[in-house]
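Below, subunit A partners subunit B and then partners subunit C, in two separate complexes.
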Partner chain A sequence: MFKTLLTTTAAIALVAGLVAVSHAQSPGDLAIVAHPETPVAQMSLAELRQVMKGDRQYWKPDLPVVLFVRAATSEERTAVLGVIYQMTEPQFNQYWIAKQFRAESTSAPTKLNSNALTQQFVSSTPGAIGFMAARDVKPGVKILKIDGASPGEPSYRLHLTK
Partner chain B sequence: MTIRKRLTLGFLVILALFAVNEAIQLWSTRQRTRTMETLSGALKRQAIIASAHRHIGDLRNQMALMQMIEGAQPVAGAGSDIARAGDEIATLQALTSEPERAAVDELQQTYAKLAEAWRGFFETLGIDEARNVSFKLQAEPLGRRVVQQILPKVQAQQDELVTRARKSFEDVTRLADRVSLGIFVLSMLAAAGVAYAIGGYLASSLSELSETAKQFGAMHLEHRVAVRSQDEIGTVASAFNHMADNLDRERKTSQSLLLNILPEQVATELAANGTFAPRYYEDVTVLFTDFVGFTLNTEKLAAEELVAVLHGYFTSFDRIVGRYGLEKMKTIGDSYFCAGGLPVRSPSHPVDSMLAAFELIREVERCTLPNGACWSIRVGLHSGPVVAGVVGIKKFAFDVWGDTVNLGSRMESGGSPNRINVSESVYRRTKDFFTFEARGRMLTKEKKELEMFLVSGLQPSLLEGDDNPHLVAPAAFSKRYRTYFGKDPIAFPQFLRSNTASLSPNSLTSSVPRA
Partner chain C sequence: MILSKVGVAFTCCLLVAGTAVAQPDKPAVHFRGFADVNFAATDNHLSDDGKSHDGFSLGNLVGHVNASLGGKFSFFSEVNVTGIDNQFSIDVARAFVRYDYNDRLKISGGRYHAPIGYWNVAFHRGLWLQTTIFRPDIIREEWFQPDHFVGVMAEGLLVTRAGLRYIAGYGNGRDSDLGPSGLDAGDLAGQDSATPGKVSTGKHRAGVVRVFARPPQLNGVEFGGAVYRDTLAVAFTDGVPELITSAYLAITHEAPEILAEFSNLRHSDYYGDGRSHDAWNSQAFYVQFAYRISQHPKWKPYARFEKSLTPKDEPVTGNLENSKILAGIRYELTDFATLKVEYGQRDKPGASGISGVFAQTAFTF
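This part shows the complex of A and B:
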């Protein structure tokens, strides 16, 4: 009995320790940012997926979606491909080439090499939407709530990965 | 209007219709050529638009893909692709006229900005990311506008042009076909109308001329063609009528000449049948005259004078004989031969011949010779049967044959100057009208004895009560004549009337006042 209790206590302590270690070493959340005048403040993950995959191309009739993505080697892109696109890098490229040649998209995503450029172009391009590390977000862009949660909140589901 | 002019006019109408048709065809060809040019231009512009559309689309794709490639470098050939699309738009601009020009101008201006953004994009690719993205963000809405708005608009204009050109082509073709068909129908109708009108006119005119020719052939020369026009048919009709006039005149002349040598009935039968069948006349009176001492008298006159004298006497004889309904047969030298009772049978011919004989003697007693001398004639009459007919085919004449003719001649030759010597048959037939001196049986030159009678004059009783000179003959004479023959006398020697009724034959001669 004691042995069982000891074992259980040890396991709980191990899990709690692992969780504590894990939280302490997290790279942070992935913020979905948009131009301040974009008529959207929050959306579900499914809606976000539609926008990011080019299935929804207009915010409103006279305001097209302008999609910015980070370069292939960035952690933000890795997180987005895994959570939102649910594609590998080759699948992502193939997806957009096919979409472009099938004329299913008014424009392909614009690749940016830094969060600073993302901040710059999202803030200055009407209809723009992109993603960047939440820690790098500066005023001038609108951070969208996903499934009702903002970056930093426990229920927020988009996180950067190492 | 002449037939030639009518035909010419008809053909001119048809030619005019064909000329109109040809003009319509020329107009149609010109319109179709113009339409084809419009169509060709529109198709050419459509091809240019399609090519430009493809190149712009390629450039948009190229930009999108190049931007996605990690470590992409500036694209060297992009400039020429951009310029090629620009050239195509410039060509399209040159080939486009108002009112489609405005849209093409908009295309050209928008593409110029797009080309500038593209050039910036491809030049800064992999070099200056911020500018590169800026150019991309400039190019995307411009490209979207060109591809989604302007090019479809220009394309729609060209489609509309093609549609209009095709419709115009069809309209012109349909109109030309209809007009051509209409003119063809009109031409056919005009040709048929002209042919029907002129054909009908010619047919009826020729039919009338043919009928007239048949009438002429049947010797109905009084028939005439109605001249209704001044054309060739009218000329032919006038010629027909003129020919009929001449033929009718010639026929009347011929008939007149024929009647001079033939009795009317004989001439009519000859004209109708070509022959005159010999006839037997059981009762006629032949009358012969002969000038006494003619041969001796001829020595005292020139030949021309002699012929003139004979002509004068015989002309008078013809009138006298005609007046009494006798038929002159012929003259033989100075002898005059006529007959009564033929060719129209008549019961009064002995009396009529006797009355005529009185007038013949009276005519000779007028003494109309140029030298003032007087001739005298013997007159002989005999009644009996004869055969009459026309013989020969040239210079034919109506003649009589038989003993009666010979006996008549013997009565003349056995007579006395200015006396009427008759046979017994004449005496018997006329003794109730005339008085006679019986001469008994006289010997003829054939040594044949014949009873002969010299006429003394008219029965005195027949002159009684002759107080109306307006009557043809004395009333008593006419009454007896009517009683015997059932008709009135047609003539009567006026010198035999009441004041001379009782004269003897000698005094008859002496009592006639000489001219």
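This part shows the complex of A and C:
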């Protein structure tokens, strides 16, 4: 009886430990980061899509959205194109050209070549929002919850693709 | 009087808003160009529009400039150079300045693409942006819908979560040639009562309201409708009320891409005797389908059907009845240049049909 209880307890502890490790802030998650003073802490995926597609351009009247994206061929950009924009690279380029042609935006998002630059620009630009690998996020930016979940949580939907 | 008060208030708001924010050293200017080169071979040797001749031609050379002026002001402009039979015409298609208060309210003044439907605003003469070689006739020929609008506009988000948006404009009425009707710009601009025979563009105003949605939950889907109201200053009448109502659906996934627009053009009281029961309704629509082949993403076949119907006694535009079917394929030479080949057939009641093969290379730079 005791041995059975001990074995069962050990098995439960082992499984719980494995789950905790796998669900810790996974290096495979994509974090949506914003300037610390941006007046938003969480967004739905649909709301995030509106911001990323330039359909919502102001957090509040005196604080415009400043959108930063990773340059092409990065795994972060691949993930964002697949889940949020649902576009290929050529479609993404055409989308922003068309957006400016229709006078809905004066410019395309600023492209950054590394997560370090994303950290630097988002932390220092009021109204900024961008994305980077969750593993590379450092203090100075706000990580937004998407659909109520943070990077590393089981229900978080934004993952880096290989 | 009311319009002048509104104009003064608008100007004052812009001046106050402009001084409240730090000014940049210089405007941030962005330029983009579009161009297309075409080839046509038709059975009547008059190309697709019946105006130009078969062979090679420069279609459009478009220069698009937008600039952030600082203080939430921005400027947009578009200049087109259009070639027909080795001659060129220059048109300032757009030029307007805009102030963005927030997502719900952006106000502007100038010259725009008339926001009556989808295609005219989405593509206009940036032919690299559109899948097909030709614009639908409902857009291409100004006899059904005005191409441009000069005045003031307000636009923005109505319901953010639904992506519901609006555009409302007030400005000059039509001043363009209605083609088949024989009416020209002078007829529509109105007569100056002090000087018989002299035309004046100050005789009539138009209004347009467009409501449309881009639900973020349905990525790549847009739908909406518009109402345009004008009074055409047709010669020898007291003015012909014009009402255009339209609706559209645009699915821009590319696999598939579905575009459909419908428009009703109504003229009434042409005889100016108050007989409101006299009304002439003309309809035009198109449906376009395209599909980017996933295994060969550079290829995108497409097809479109379009039709317009007019009462035979339509007094302003004349008989606009027309139907057209086309099919083609688009090939991406690069991410910024494309080659299109298309077959089109047009049928006009009472006239011989026109069919032809067309090719176009369109690009942006």
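Operating definition for what follows: the second predicted complex is superposed on the first by the 133 of 162 C-alpha atoms of A that agree within 3 Å, B and C clash if a C-alpha of one lies under 4 Å from a C-alpha of the other, contacts with A are read in each partner's own complex, and residues count from 1 in each chain.
Definition applied: contacts are C-beta pairs under 8 Å (C-beta built on N, C-alpha and C of every residue); 3 or more make two chains touch, one makes a residue touch a chain.
Here the structure is a predicted model, which is why all the values come from computation and not from measurement.
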item	value
Clash or fit (per the criteria above) of subunit B with subunit C on subunit A	clash
Contacts of A:Lys60 with subunit B and subunit C, given as first, second, both or neither	second
Subunit B versus subunit C as contact partner of A:Gln50, first or second or both or neither	second
Which of subunit B and subunit C A:Ser107 touches, first, second, both or neither	both
Which superposed partner A:Asn93 touches (first subunit B, second subunit C, both, neither)	both
Subunit B and subunit C footprints on subunit A, overlapping residues	64, 93, 97, 100-101, 103, 106-107
List of subunit A residues in touch with subunit C within their complex	46-47, 49-50, 53, 55-58, 60-61, 64, 85-86, 88-91, 93-94, 97-98, 100-103, 106-107
Residues on subunit C engaged by subunit A in the complex (per definition of touch)	28, 30, 32, 64, 66-68, 72, 74, 76, 94, 96, 98, 100-103, 121-122, 124, 126, 129, 157, 160-161, 163, 214-217, 219-220, 253-254, 297, 332, 335-336, 364
Parts of subunit A lying in touch with subunit B, wherever the complex brings them together	64, 66, 71-73, 93, 96-97, 100-101, 103, 106-113, 117, 120-121, 125
Touch list for subunit B against partner subunit A, complex	57, 61, 64-65, 67-68, 70, 129-130, 133, 136-137, 140-141, 144
